[in-house]
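Order of writing sets the chain letters: A, B, C, D, E and F. Residues in each chain are counted from 1.
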Amino acid sequence: MTISEINYKKETTLEPINLGQLTTLNLGPTHPATHGVFQNILQMDGERVVSSESTIGYIHRAFEKLAERRPFYQITPITDRLNYCSSPINNMGWHMTAEKLIGIETPKRVDYMRVIIMELSRIADHLICNSILGVDAGAFTGFLYIFQQREAIYDIFEEICGARLTTNIGRIGGMERDFTPSIIAKIYRFLDDYTLALKEFESLFNRNRIFMDRTIGVGGISAERALNYGFTGPNLRAAGVDYDVRVTTPYSSYNDFDFDIPIGKNGDTYDRFMVRNEEMWESLKIIRQALDKLPAGKHHADVPDFYLPPKEQVYNHMEALIYHFKIVMGEIEIPKGEVYNCVEGGNGELGYYLISDGGRMPFRLHFRRPGFIYYQAFEEMIKGSLLSDVVVTMSSLNLIAGEIDA
Amino acid sequence: MVNTAEAPEGVEGPGFFATSLDKVVGLARKHSIWPLPFATSCCGIEFMATMASTYDLARFGAERPSFSPRQADLLMVMGTIAKKMGPVVRQVYEQMSEPRWVIAVGACASSGGIFDTYSVLQGIDKIIPVDVYVPGCPPRPEQIIDGLMRIQDLVEKEPTRRRDSSEYKALLSSYGIK
Amino acid sequence: MQLTNRSKLVVNKELSWSEKLYLPAIFSGMMITIKHLFRKKATIQYPEQKREFSKVYRGKHILKRDEQGRENCTACGLCAVSCPAEAITMVSAERKKGEEHLYREEKYASSYEINMLRCIFCGLCEEACPKDAIYLTEELMPANYDRSNFIYGKDKLVQPLGTSAHPKTYKPYKK
Amino acid sequence: MEILLIDKVFLIVIVFAVSLVIALYSTLAERKVSAFLQDRLGPNRAGIFGLLQPVADGVKFFFKEDIIPNHADKALYILGPSISMITALMTSAVIPWGSYIEFDGRQIALQVADINIGILYVFAVVSIGVYGIMIGGWGSNNKFSLLGALRASSQMISYEIAMGLSIIAVVMMTGSMSLGEIVRQQHGFNWNIFYQPIGFLIFCICAFAECNRTPFDLPECEAELVGGYHTEYSSMKLGLYLFSEYINIFISSAIMSAMFFGGYNFPFMDLISSPNLLAALGLIAFFAKILFFIFFFMWVRWTIPRFRYDQLMTLGWKYLIPLALANIVVTGTVMLISSSFK
Amino acid sequence: MEEVELNKEFITSQLTSSFGHYIINSEETYGMITITVDRSKILEIMNYLYLDPKLSFTFLTDLTGVHFPEPKDELGVVYHLHNLPANIRLRIKTFFPKSDSVIDSLTSLFSSANFMERETYDFFGIIFKGHPNLKRILNVDDLDYFPLRKEYALEDSTRTDKDDTMFGRG
Amino acid sequence: MNNILFLSLSLVSIFSAIMVIFSKNPMYSILFLVLTFFTLAGHFAIFLGAEFLAIVNIIVYAGAIMVLFLFVVMLLNLNKESEPNTPMISKIAAIIAGGMFLLVLFSALTNQIYAPEPLYTKAGEIGLVKNLGKILFDEYLIPFEISSVLFLSAMVGAVMLGKKDLKQG
């Protein structure tokens, strides 16, 4: 027997360490930490995760099929329910996709209004992700403090469009109504209130050693792996890649505003938390700039073929009534073609791949859901970590079931 | 398995003692409904808003969400239940201990809502009995609280022995739940 | 990877000496929470206190009457077509002689039903209506015990006679 | 002898009732305090200010279906909550609630049993308490419960050591292991906290750990283990578990006040001559301290995040135990030096 | 590495020089370069696009399927690639008949392709050769059809509360 | 009164000691062992006046060591199926070893039983912490110190063993 053989034997005897003692733990689909519904079947060695398998699709709602059977303007309420934490971004992304296909140029005022609304909903999205991370780490109170600010955002949305969460905000070609002075005042008040609330939230978490210990080095992913896994948004930025659709391909006049892209170092949970946190500050900056510079003008583009005429004209003028009927019945000229358009959603690059055959409904509409794509890295991210780490990693990724399962 | 209180001997039927006991128990249960938030999608976020400071579900004694079905009194199904999820909902319902109530929050849970698609269950009342429906997509927190108060009304009026009655058993068996 | 010149590193993972001790952060956190103990509470005690909704809130539907008490709806079906949840069904009928005080147009909806459990309150029907007939009011849809109670017919939807179109129920669309 | 027995039985019944009532209302207090810390109102619909809330919860528990899962170990499943409850209640026997009252010409000590190793007794009972959680968690035959039970037991063992060591310093100073004697020595404002701040800190942290409270609530943390060891429990068995947790908090608070904050002693107590008045005031002082600590428990719980399992172990073994040992050494040295100067 | 502008002509010529007639078509629609390729070389082409230092399309933005019932009843897979530093997006399309819906998997190149290919399989029944775990991802495992193909209905047949005769629905 | 107490305590302790061996489930064995410790502690406290010893017995054995045992059993999840088949040789060895132990015990105890002075007459003196400490640090100082050194080395050894295991795993 040679030495190499002995070594080989030693290794093989050591290899299957207590394989018989692995326990299977079913995390989900109704586990409190999943916030939505996924199943993770964990193979555990004591508290340590040896391997895992994710199952998704527990709220698969067939968005893409549904979008093929609804006229263009009816798809807006469907997009609401994709990433329901930041519905307005989904709405706007869809409007911009349709506008790109049709070739509508929106006035500056519409762009600025969209930027304000999108940044508000980005705050709402990041806020819920970060505070839920706090809840999963065991601190419930910060969540309730910051949620009051989300309630303020709801208030603003309600004033703009009439609903809190599933907003159905805006229309193809513009906004459904102009900002009233009270909305603008409310947003200004929110900017001031939120600054205080966010500072308070930060002092509860940012430098708290218990929280830092829980999150630093947990669920990390390198920039290379993250790119290979198709990460985008805050989770990619946490790994150190400053990819942001708002900057690389500016839409809705994002290049008018001055803001930074916060990035992290190792892509671990603390990085993600801090990047999201800092992005909220940047969003506040953008909103303030947009509000200060809000240009005058109409709140919609001048496209009578696609944008509903005002109601008074519909009641009183035949021409407007005809346009009205045509738009609602969907008998409008929509060009053929295929478009890919993306916006920076709460979780990353939210893409819409639209194929139109000229009919009243899209021939095919595919949503590039960032959450769906980066969720597959989860198995790799939690390998070898503790059960508690699984939970905080999961909530720091901001997994929204509606977005993942589509 | 149902071990609700047995009436003392001699008080068969709704005698005075039994009815006043029912009243007390009903009142107590009414104020201590521990929900199991079965939140799958958008309505879950509005449920968070209901739990949060502005609406504060705690005022009704219902702020302790028990994620373990054994400890819960009220199953709040919030959000779309896909056909893949259906068996899970049912299992959770079966694991809950009596008395249990179910509230379907939002259009999706109640009827499928906008998602009249091949993959979505068209209302959870196809698999488990539902006590209260809350419309809205998602319902406002006010509506969720409203739904909870409807449940409270039900709970308060329910006799302690209802769960042993043959009607109730027939209801369950019509859903195939033993 | 550096893609733009606007990136900003925001993470500092080094713990300072005092942060390592746990206690200062815990103490400052506790100071924050104790401050909230004495603060005004944010709770709105629904149902006793009601929150004010915005003027454009999309709640329960109403079928409006005009100033003379006639129903505005002409059963054109645009609302049903525009409904993404396909929750609206209606049957149209011709107005007969002598019903002019009831219906404003020649056609009217003899039955008009909204399945409130299907409805997602998106407001597209209100937007699609060319006759100033259907509106989403600020009233909330109440919860109910039975599924069949959620099919709202004309009896529940049409604005009651004698009520004026007061601002609570009447929202001018697109000012 | 017989009169003494009657006194004791009377006292035991009172202590028992008081612990139950305090634990009962601790549940309400927890909900109210958390609500107030979080800008909410908390339960306020069951009775005025929600005062009947605990009663409602209790009645609900009693009338809820009691499921014993088919796959559970029946005997252990029932034994678990019972042990938890019994051990939680046993500790109150050695706590000196007050000095003594004069009644019918006799002096009646307000302590059920002033045994000379009171502290050790407390430790023994507490160390048995973990069986309730372990047995219940194992008997449920559920993986979350089992993990919760494992966490509970390793946590308890680890923190008991640091807790014991932190107390040794106090025992060295007072020279007695009787709680009654320790409290008597802190007459007036001569409280142990001024001599043993680090000991108190360690003891306090360990008490949090022994009571499974945030930041050490790993055995039942909701986000990871659903309900931890009591995941499978319903109705009154769950009630007993939750209840025993609050009794433990109450007892821990009482021991902390007795050991470090003078128990029933309060400043300027020598100005009062009537023993009965003194006892009454002492009782009030003692309960004020206890209630403060109960509030403190809740305050901490609703402020900070929880530890991770391995961090918890690191904290216990690598920081608290050495710190406690150092505390003993320093205390010994100081005692030696000061005695040689006397 | 010299600076080259990644425009349609350059990319097409690069690809054609290596793959010749496997590159079927190239166009630019709505500001995005779209190249239709033959499915038999898809993995090689992707590999080339990934590894070529001038092209280096290293980020797979999106992968999805399309079903064209008319005129030939064929399925397609559409890839969206992104060169992040140069900020150029590229759409690769490939088509094949429904009867023979097999294509090489990209999982060896992009980890992100895993779920997306599973989803495409789940929706369209396109089989990705070499995928490590090709099974349904969103739908229930025992679904016996591929729901996003055009011939299948969207609606759930069990619902009872809708009137399909209304306004041309159904 | 005392006799009844003694008898019942002894009965319970013997019964639970037997059950430790005869219960199939290791979980139950451990719990019965804990009960045995309790009854023994009762003996110490009530009949020997050794309260300190009794309490320490409970803390150390029931509160710490048995919890660890329980911990291990829970981790390993022992049940009937996974119980390894013990070979005949070890069974025989166990019987022989047990028999020898019994012999030793018996001979030791027979000496004690006929000891001129029953132990419990000293009740109230040896059990107290003060007396115990005095004896330990006075009469038995050297054995005490030696055993503490032994203890320390055992601890160091345990730490070393644990460390090594960690590296390999």
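The working rule: contacts are C-beta pairs under 8 Å (C-beta built on N, C-alpha and C of every residue); 3 or more make two chains touch, one makes a residue touch a chain.
Fair warning: this is a prediction, and the values are worked out from it, not measured in the lab.
Q: Which other chains touch chain C while also touching chain E?
A: For chain C paired with chain E, the chains in contact with each are A, B, in label order.
Q: Does D-F or B-E have more contacting C-beta pairs?
A: Between D-F and B-E, the larger count of C-beta pairs in contact belongs to D-F.
Q: Averaging over Cα atoms per chain, report the distance between chain A and chain E in Å.
A: 23
Q: Could you grab the centroid distance between chain B and chain F? Build each centroid from C-alpha atoms only and quote it in angstrom.
A: So the centroids are 52 Å from each other.
Q: How many angstrom lie between the CA centroids of chain A and chain F, rounded to a whole number?
A: 61
Q: Rounded to the nearest whole Å, what is the centre-to-centre distance of chain A and chain D, using the mean of the C-alpha atoms as each centre?
A: Once rounded, the distance between the two centres reads 45 Å.
Q: Enumerate the residues of chain F that touch no fewer than two other chains.
A: Residues 75 of chain F touch two or more partner chains.
Q: Touching two or more other chains, which residues of chain D qualify?
A: 37-41, 150, 222, 226, 302-304 - these are the residues of chain D that touch more than one other chain.
Q: What parts of chain E, by residue number, touch at least two of the other chains?
A: 84, 87, 138-140, 147, 154, 161-162
Q: Spell out the residues on chain C that touch chain D in their complex, using ranges where they run on.
A: By the definition above, chain C touches chain D via 26, 29-30, 32-34, 36-37, 39, 41-43, 45.
Q: Which residues, counting only chain A, touch chain B once they are in their complex?
A: 29-32, 35-37, 57-62, 65-66, 77-78, 80-81, 84-85, 128, 143-145, 147-148, 150-151, 154, 164-166, 401-402, 405
Q: Mind listing the chain B positions that touch chain A in their complex?
A: 38-42, 44-46, 48-49, 52-54, 65, 67, 79-82, 84-85, 88, 92, 114-115, 117-120, 137-138, 140
Q: Help me check something: in the complex, which residues belonging to chain C touch chain B?
A: Going by the criterion above, the answer is residues 41-47, 50-51, 84-86, 115-122, 140-147, 150.
Q: Where on chain D is chain C touching in the complex?
A: On the chain D side, the touching residues are 33, 36-41, 299-300, 302-304.
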